[in-house]
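There are two complexes below, and they share subunit A, which is joined by subunit B in the first and by subunit C in the second.
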Partner chain A sequence: MSTLEVRDVWHRYPDADAPALRGASVAVADGEMVSVVGPSGSGKSTLLRVAAGLLRSTSGEVLVDGRDVADQPTERRDLTVMFQHPLLFEHLDVAGNVAFAPRLAGSGRREARRCARRYLRLVHLEGMDSRDVASLSGGQQQRVALARALAAERGALLLDEPFSSLDRELRASMHDLLVEVRAALAPTILMVTHDLDEAALAESSVVLIDGRVHQHAPMTEIYRRPATVAVARLLGGFTEIAGTVRDGVHHCAWGRLPVAAEGAGDGAAVLLVRREALRLEVDADLGAGPGIGARVVRRRPIGTRVVVSLVGDDDSPLEVELPVGEDVRPGARFRVVLSDRRAPQWAVRDERPGSAAPALAGEPEEDTRRPVVDGGRSSVGPA
Partner chain B sequence: MSGAAPGIVAITVVAGTGMAAVVATSVGLMPLYGKPAPSLDGWRSAAPDLVAGIGESLLIALPATVLAALVGFLLAALMLGGGRAASVVRLACLAVLAVPHLVGATSVSLLLSDGGVAARLAAPAGGDGWPALVGGPWPVATVLELAWKESAFVALVVLAAVAPGHRMRMQVAAGLGARPVQRVLRVLVPTAAPAVGAASLVTLVYAIGSYEVAWLLGRAVPEPLPVLAFRLFGSIELTDRPAAAAAAVTGSALALCVAVPALAALPRLRSLSTGGAP
Partner chain C sequence: MTRVVRTAGLVLALLWLVVPLAPVLVWAGAERWSFPDLLPRDWGVSGWREAASAGLPLALLRSLVLGLAVAAVATPLGVMTGRVLGWRLTGRPRMVVALLLVPLVLPPFAVAMGLDVVLIRVGLHELVSVVLLLSVVAIPYTAYTSATAFARTSPELEAQARALGATPRQARLRVVLPAVRGSILVAALLAFLVGWSDYVVTLLVGGGQLVTAPVLLGAAASGSGNDATVAAMALATVAPPVVLVTVAALRVRGSGRTAPADRLPEPVPDHERMR
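Let's turn to the complex of A and B:
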């Protein structure tokens, strides 16, 4: 296996108003798995396609085992790609598909099929060598696609939303399978996904928003301490409290709240409080300590809990998560307070519209080098 | 299947009635005048021409089909490659399809005959004179005209069959390490094979049954089966009608002999092309 690094990559699609990637960098160590998450149109798939050589970046480097392969076509990059749809070769049977790469590498037919059977066993499809791929279920087809990608035995495996076309149950079984495969083979994996649970399968996750890397950390850390307001919004479940940090204290309409030292320094900052860390007090006007009066707008059940949306007295939107059964009706007034008033809160620099957002680095000139694979059309695709 | 039933019924009635009438005519059961009387005189009188006609028909149809399949596949591959060249080729194919065979045959005659444009352009180079491509011992012009027209047909059929998902298939293959030539040989060719086979079969059957190109560009003797049938049907000798019908029946039988096994083999073409493994 190999290391994979995408360094300061910019990409702009023809006729696009803005770059799809703005200096994005991701590094994956040997045998490590890194996931890339982000909202639709954030540039996740573009990043993966640039790494794979399916798309020519405007600028930046793609390093496989430390070697810059930005000028190399896909087939020479020592990595393989697995897409959202299995895209199995219908003219080949199951083993024929898995044996595709070994055959390309020069293995004889019998040897390649023997190798294919080994990988089919790994994905729990033993005995299905001669099956027509069209006769397989969606989950089985995706297993064959995974076996085919693994059988290529290339340095790194790029997964582009590989399980998003499967239903929840199948996706869960594919997640288990991926864990098994990693335990058995320790492949280097870069996976793009919009599923945060899926992203958590990786050692670390990169949050890509508007073509920029906002955070690269383990998913638990991202959930605990989102680096920006945009990351918090992607994760969902945070209430944003605008204000100013001075000397480790956040001053806002709620009052004064202590902030974690690792967060934003002095200046405009947004407190990001998980909705389950808030509670409602009955009397909206007479509460003590930090908090804010708010009116309930609506309630939305999520399993055994209910999410209550409120509008604060300063017109800020708030969300509080409560057990089902709490008597909270639209129109009622409460005081929203922190469950633990003394715990330091997580504050991030306020980059929201209207605040002083950090300036982006200048966009490099368009690179007019030839596309890598499949003619110029390959440079136009979904972000 | 039930949705296609009206179409199948219409085709069966028209084609079936026509074939029954031609067969009946060939064996004397539908004479132009007089009482119907079973007779093989039509078959007997045309037998030598029928045998020669089968050979001539295959001599035209087989190479024309092979050429059309090869050129058509290459054109389809060009179109699948994308870019400006693909647009030009696609437009050219559509334009070629719109030209009637009769017009195409006339154009080829003006281009390739002894006094044609090509002969005149080649004249200053000297040599032994222009070969008899039109009306000569080998049906070169006929084959070229059919291949020219039908290659556009094959190309568009293959394009329609292969284009969906083509780019992604190529990207997957590249990701698995396939070089451009390997992608063509191991992915594009087997993926396109069923469409090429089906379009070629249509071309072959058409070439066996088409008379106007061979009539304009071919030699007088021997005549391919459709030209023979056409000539005998137009003969002032009304007793030639059973022989004309016999030629038509032979042409149809020849087409069926080619089409039925080919149709049976088509579904297996995909696996035959690779044997289930790359």
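Let's turn to the complex of A and C:
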């Protein structure tokens, strides 16, 4: 297997107002899996297509094993792609599909089919060599597509939302299969997905928003410490508390809260607090310590928990996650406080529309005036 | 109810095809058939014998060559145009469609007369001129048939093949064309039929030198007065297309399965693709 690196790639579609990719960079080590997540239209698939050579980037480099392949056509890039739809070749049977790349590489028919059977065993489709691909279920078709991609034996495997057309159960079984395949072959994988659980299968994830990489870290770290407000909104479940950081303390309508040293330095900053780290106190006006009075707007059950949406006294939107039995009704007033008032909170620079904070490092001058996130979205993004 | 309607439609379609052919079939085997007899008094093959001596075998051969030549020219050009239209690879599909429709909108007689003069001045051989003109007439059929097939087939198939190591040529030959092969066969058949059955262009541009089966039939029908000979020629002219259509229908049946269009991703314009 090989390393794969996409370096400072820009891409603009014809007639588009803004570039789809704005200096995006991703590096995948040999045998590693990196996932790319982001909202719709963030440039995820564009990034993958540029890496695969299916789109010509405006500028930037694509390196496979350190060799710049940006000017090479797809077939000479030593990588292969598995798309959202299986795209099986219906004039070939199951083994014929998997043997497609070995045949192109010069293997004889028998040898290629023997190779195909090996990969079909790996994806648990042994004995289905001669089946008509149209007769397979969606999950089986996607397994054939995976086997076909693996049988190409390329340096890197690019997965473009490979399981998003499958239902939840099938998706879970494909995730298990991917783990098995990785244990067996250790392929270098760059996977684009909008499913955050799927993204967590990778060693690390790249969060791409508006064509820019906002964060590249393991998913657990991204959940714990989102690098920007936009990342927090993508993950969902965060309450944003605007204020200013001075000497390691966040000053805001809630009072003064200690912040983690690794977060934003002095200046305008937003505290990002997980909704499960907040709780409600009954008396809205008499609480002690940092907190804010708020009125319940609505409640939304999620399994055994309930998400309560409130509006703070400073008109800021808030979300608190509680056990389902709590007596919280729309219109009721509470005081929202932190469960652990002494723990340092995670603060990021305030780059929201209207704030005076600088944009991300390395951003060209013209783009610093563009909002990092869509100002029309609610404060808490989709989970 | 639906089944009844479908059966009635099928019966009507068969009648539509068979009724005009029935008297021709009878005439072709008639030695003597005069009014008011319902059927011929004597049966025989004299009509066929006379048709053969009038040059029917050679005329059929010329028609075959003409049909094949038109199919050979119009099919690949139609498939290429169909790919552009079906996969929306052009920003001006209306202009392409308008260009395709021009030969069908203009009266063939006028087109043939006008182009005949041009082609004679250029010095092209009659057969080449006829093939070129008939190909222009056939391309709209081949292009539209192919465009429909491409529209039902994902443009990503080509990208997928490339990502598995195929060159653009290999991707088209080994993956894309097999995916639309049923429609290509139909397109080729339509082009063949345009060449096989043409009368006006062949007569005018061929200058009477290129005697194909329809030209021979036309001459016999207007001059000989021998109904049995004319019927034999008509049957010989009609039979090959009927056989071809039947064979093609059986071959195409069940082939050309593709993903439903609503499940397919948006096509990527050619200028965005890596060559």
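Rule of thumb we're sticking to: the second predicted complex is superposed on the first by the 356 of 383 C-alpha atoms of A that agree within 3 Å, B and C clash if a C-alpha of one lies under 4 Å from a C-alpha of the other, contacts with A are read in each partner's own complex, and residues count from 1 in each chain.
In this section, contacts are C-beta pairs under 8 Å (C-beta built on N, C-alpha and C of every residue); 3 or more make two chains touch, one makes a residue touch a chain.
Quantities reported herein were computed from a predicted structural model and do not represent experimental measurements.
Trainee: After the alignment on subunit A, I want to confirm one thing: do subunit B and subunit C clash, or do they fit together?
Mentor: Here the two partners, once superposed via subunit A, clash with each other.
Trainee: One more residue to check, A:112. First (subunit B), second (subunit C), both or neither?
Mentor: A:112 sits against subunit B, while subunit C stays out of touch.
Trainee: Between subunit B and subunit C, whom does A:100 touch in the aligned arrangement: first, second, both, or neither?
Mentor: Both: A:100 reaches subunit B and subunit C.
Trainee: Going by the contact rule set out at the top, does A:207 touch subunit B (first), subunit C (second), both, or neither?
Mentor: A:207 sits against neither subunit B nor subunit C.
Trainee: Would you check which partner chain A:130 touches, where first means subunit B only, second means subunit C only, and both and neither mean what they say?
Mentor: So A:130 only meets subunit B here.
Trainee: Determine, under the contact definition given at the top, whether A:13 touches first (subunit B), second (subunit C), both, or neither.
Mentor: A:13 sits against subunit C, while subunit B stays out of touch.
Trainee: Per the contact definition in the header, classify A:55: touching subunit B only (first), subunit C only (second), both, or neither.
Mentor: Only subunit C; A:55 stays clear of subunit B.
Trainee: Would you sort A:4 into first (subunit B), second (subunit C), both or neither based on which partner it touches?
Mentor: neither
Trainee: Quick one: is A:122 in contact with subunit B, with subunit C, with both, or with neither? Answer first, second, both or neither.
Mentor: In the superposition, A:122 contacts neither subunit B nor subunit C.
Trainee: Name the contact category of A:278: first (subunit B only), second (subunit C only), both, or neither.
Mentor: It touches nothing on subunit B or subunit C.
Trainee: Residues of subunit A touched by subunit B versus by subunit C: which partner has the larger set?
Mentor: After superposing on chain A, more of subunit A is contacted by B.
Trainee: Taking the two structures together, which residues of subunit A meet both subunit B and subunit C?
Mentor: Looking at subunit A, the two contact sets intersect at 52-54, 73-75, 79-81, 83, 85, 87, 89-91, 100-101, 104-105, 148-149, 152, 154, 158.
Trainee: Spell out the part of subunit C that touches subunit A in their complex, as residue ranges.
Mentor: Those in contact with subunit A are residues 154, 156-157, 159-168, 170, 174-175, 178-179, 181, 257-259, 263-265, 268-269, 271-275.
Trainee: Using the touch definition up top, name the residues of subunit A that touch subunit C in the complex.
Mentor: Listed in rising order, the residues of subunit A that touch subunit C are 13-14, 49, 52-56, 73-75, 79-81, 83-85, 87, 89-91, 100-101, 104-105, 134, 148-149, 152, 154, 158, 165.
Trainee: In the complex of these two chains, what residues of subunit B are touching subunit A?
Mentor: 81-83, 165, 167-179, 182, 186-187, 190-191, 193, 270-271, 273-278
Trainee: Give every residue of subunit A touching subunit B within the complex, in rising order.
Mentor: Touching subunit B from subunit A are residues 52-54, 73-75, 79-83, 85, 87, 89-93, 95-96, 99-101, 103-105, 109, 112-113, 130, 148-149, 152, 154, 158, 373-378.
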